[in-house]
Amino acid sequence: MNVEALYQDIILDHYKHPRGRQLLADPAGESHQVNPTCGDEVTVQVGLDSDGHLLVGYEGQGCSISQASASVMSELVAGFDPAQGDDARRAFVELMHSKGAAEPDEDVLGDAVAFVGVAKYPARIKCALLPWMALQDAEAKAGIGIAQEGTSTS
Amino acid sequence: MNVEALYQDIILDHYKHPRGRQLLADPAGESHQVNPTCGDEVTVQVGLDSDGHLLVGYEGQGCSISQASASVMSELVAGFDPAQGDDARRAFVELMHSKGAAEPDEDVLGDAVAFVGVAKYPARIKCALLPWMALQDAEAKAGIGIAQEGTSTS
Amino acid sequence: MLQPIDVDRIRKDFPILQRTVRDNRPLVYLDSGATSQKPMAVLDAERAFYETSNAGVHRGAHQLAEEATDAYEGARATIAGFVGAQPAELVFTKNATESLNLAAYAFSNATAKAVHAPDSVDRRFVLSPGDSIVVTQMEHHANLVPWQEACAKTGATLRWIGLTDEGRLDLEALDSVIDETTRVVSVVHQSNILGTINPVQAIMGRAHEVGALGVVDACQSIPHMPVDVHDLGADLVAWSGHKMLGPTGIGLLWGRSEVLQAMPPFVSGGSMIETVFMEHSTYAEPPKRFEAGTPMVAQSVGLAAAVRYLDDLGMDAVAAHEHDLTGYALGQLEELRGVRIIGPRDNVDRGSAVSFVVDGLHPHDVGQFLDDKGVAVRVGHHCAWPTCRRFGVPATTRISPYIYNDRADIDIAMEGIMAAQKFFGV
Amino acid sequence: MLQPIDVDRIRKDFPILQRTVRDNRPLVYLDSGATSQKPMAVLDAERAFYETSNAGVHRGAHQLAEEATDAYEGARATIAGFVGAQPAELVFTKNATESLNLAAYAFSNATAKAVHAPDSVDRRFVLSPGDSIVVTQMEHHANLVPWQEACAKTGATLRWIGLTDEGRLDLEALDSVIDETTRVVSVVHQSNILGTINPVQAIMGRAHEVGALGVVDACQSIPHMPVDVHDLGADLVAWSGHKMLGPTGIGLLWGRSEVLQAMPPFVSGGSMIETVFMEHSTYAEPPKRFEAGTPMVAQSVGLAAAVRYLDDLGMDAVAAHEHDLTGYALGQLEELRGVRIIGPRDNVDRGSAVSFVVDGLHPHDVGQFLDDKGVAVRVGHHCAWPTCRRFGVPATTRISPYIYNDRADIDIAMEGIMAAQKFFGV
């Protein structure tokens, strides 16, 4: 494992050419997350379109990992229904905590599989997770997904 | 060095038969000292007689070392002039910090030379010093000896 | 089935127990209530950390920093597991005293902040004159003085549950001492001077009944018996590492998440923040909120090794071993003429700290004769001075055995007591 | 004459420097500003203490307790001597952060107590709205957040001395920032992020001119240069053991006797008392008043060994060695395209912590490439977030060499920076 395996091409590409990096016109929920150890920041906004699919906007500043992760995430989950979004988030969190031993499922994670190498660098895991934590928090604030989770666990 | 060398006969004798263990009728200064680690207490009172010699009274409760030390001290310094009392106190403090290596001067310290063994038991040094600290503090409160010291150091 | 404690085998793990004291006497260490000795496994773990992974934790993106962070958080998980807790509910401090101060300062800090910004704090921690704080008459100074200080800073009143002559809490008074004015109740689980094990669950229940928060000082219980923090019924539980085979310089505070969340910071600075501006800052979630500055990393690693050592022995076995030694010590002391036990004389709901006084002898003089026989005990007020006063003694001598002691150690202590009696002719 | 630092010889004393990281790269440790590595002499001293003399200090009358007390107080004397202080003026804490909180809490505690018992406290520590506390814009969070908290609890206002673009204090504003409303001034001696060495004596002089107390954060100076606490002109000086070759878990606060005497307790409990009753307690004299609970005994012994190690090298030689490395690092960085140094670029009145940013690269990504080469540096805001904001950067990469580093280490770091630039195509 060396540093090139961490910075996969997809990550570099998203870092240099972020996708969908803008805020929403009328967000239902918003979350601003900071990584207190390094000052990385990301703001994620969410909403639902008329079909009940996720709308995602974001802004941020920070290292390649956190910013590429935001770009990959927004591209992946925009258009998902909230349950699909949750699945992707859970899969991503699990991937990050796998210490590099997991086989990520590309069907669920899309480009986000490229972050598999991050799991080997504990100090960077927080960077990769930052936008996903913001997504979760923004959804919670918007009340998105709550009903579903409530139903499934009760 | 064993425990019998610590508890010399003179110490045991003063512990069992304390001399002059009573308070003064009209003290010029008084000090109550406590050993916070074990709760030993001693109150020492001082005054001067018409010839300028020390009057000493005390009361206390605690271990054999602290109580014998109070008895020995009061017997020794009562009747001394303040400067002599200071000499004795200084000699005693020095003896306690000698780690048992000092040759105590019986002319200055009288029965208090018996405490030489205490210096080998650091935890007991405070016990032996307690009444002497009270004496010093009581004299300071009474203004005894201050003038002399003030003169000699200025 | 319980695997009994094998003292001879255990002693081999403790280098200090191979040494002699005074005139070449083998060391008989009966002062574990003050601090325990450390097995090689603990010393090795600490040293290995320094030799391989030492670095700042939660900072830095290099391999050593990652390893150090893993070691620190791994230690937290191990120690939390030992008391049935979640890692996120466990705060590292320097000692139990700091842990208890952290609890007490939640009140005085919230009270002071409420003056200038009432909405910035949780009202449960804001005290005013008329409010009461409840402790017991058998508290270690560490669980008394911080609450006296909290009262001095807020105008609240300190109350306490008194003791029976047997050294038990006078629980008849429980419902009148803890009443609607009570905002926090802080009680020792096992007394370090009397040995009494208190029914903390009932007391915490009463605290919660009146809406007060409950704190338990578990300094002398967690090292000696199986404890699941949830069973205590408390909101906060404090204890130290050095009394349970761990290094000096590390203590613990467990707290129910919801309560820790609501508490304002105590020591502030780096690592406990979320964002910092010159004008103001926001704080991290617990446990980090309470761990400002460079933490006791090597010590956490050492303490985790201590916990593994105790786990291997089994805390049930540790408790059974100490129960046996306690019964033996109580019996032997009862047989000595002129000896009075301060604390419960029946071996029920009591731990292995056994305090006593000898007629006509000051504890310092008793301790000196024990020391002369190579026996290390503590003499004094054991940081429970009001408890001594309650029993009309200036001080006591205390035997406090642990896993590396056996009955023969108690026997030597008895010889020392008799030698003192003989020497002083009492 | 100065005996120059022999890096090769010194490295042999540090077991961790023999290890490799990542793909078998020799470890290049350039993160001593976060925490230093520990020589064997320190690890040996700590272990020897546990193996021979471990016991409670200032309690117990047995031989181990005596030896432990001697070890602890002996360590205090050694460490005090290292900074030209009297042992009675030196307080042991868990880290510098606690030391600085001890200073800040003197104010908030005295203020709270004054409400209920005005005569129980020294008025110098009582704050009210209208009073000001002064720090600088280059403080570590440890010397900023506690003062923000003190303000939140007392209504006092926080002010600060700003920075020039070169990373020096803007001293033109000194007399207006520190004025008659100022009650305490707390300033870092050497910045951990900029490397700047501040003229603390002049600032303390101004503080005393207006009747304020003066505090110095010497975390980054005492490990790196000869410091006599009296020369700083301060009333209180705080620093940590772990940054000067000592163990984790121990910090220091030096105070002028008269000031320590006047300060109310911070952490309270056992060992810091004079007498204790249920109703109230009285407190011991400093330094004990500030050392509640079982202290960091083994850590004090380890730190004393660290101090002896540094003394053997000579602090003048340490400072000269670092000055050379700093000049070299500054020169090498200046030669790199796209690198901007944050902090003084001239090697005058500056220490060896050198921060920089690389155009187009986030410090985390720079750090990752250094890590890949085996170089350990710190990236982030270095617990000086407002300082980063002052320079318009979210974070920096910091090289902080010490006695075990040489110019070749700096060279490898430069290679790492260039590798990152190449990889990211900037």
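Should a chain be cited, it is by its letter among A, B, C and D, assigned in written order, with residues numbered from 1 in that chain.
Everything that follows uses one rule, which is that a residue touches a chain if its C-beta (ideal position, glycine included) is under 8 Å from a C-beta of that chain, and two chains touch if they have at least 3 such contacts.
Remember, it's a predicted structure, so these values are computed and weren't measured experimentally.
Spacing of chain C relative to chain D, judged by their CA centroids, is 30 angstrom. Per-chain CA centroids place chain B at a distance of 44 Å from chain D.
Here the spacing of chain B and chain C, counted between their Cα centres, is 38 Å.
Of all residues in chain A, those touching 2 or more other chains are 37, 121, 124, listed in ascending order. The set of chain D residues that touch two or more partner chains comprises 22, 59-62, 65, 273, 275, 364, 368, 371, 379-380, 385. Taken chain by chain, the contacts fit none of the simple shapes, being neither an open path, a ring, a star, nor a full set of pairwise contacts.
Contact annotation for chain pairs lists A-C, A-D, B-C, B-D, C-D, with touch applied as defined. Listing the residues of chain D that touch chain B in their complex gives 58-62, 65-66, 69-70, 273-275, 284. Note for the complex: chain B touches chain C at residues 1-4, 6-7, 12, 37-41, 61-65, 121, 124, 127.
For chain A in complex with chain C, the residues that touch the partner chain are 34, 36-37, 121-124.
Against chain A, the residues of chain D that register as touching in their complex are 22-23, 362-365, 368-369, 371-372, 379-381, 385, 388, 394-395, 423-424. On the chain C side of its complex with chain D, the touching residues are 15-16, 19, 21-22, 27, 29, 31, 34-35, 37-38, 43, 46-47, 50-56, 59-65, 93-98, 100-101, 108-109, 111-113, 115-117, 120, 137, 140-146, 148-149, 152-155, 158, 160, 240, 242, 247-251, 265, 267-273, 275-281, 292-299, 364, 367-368, 370-371, 375-380, 383, 385-386, 389.
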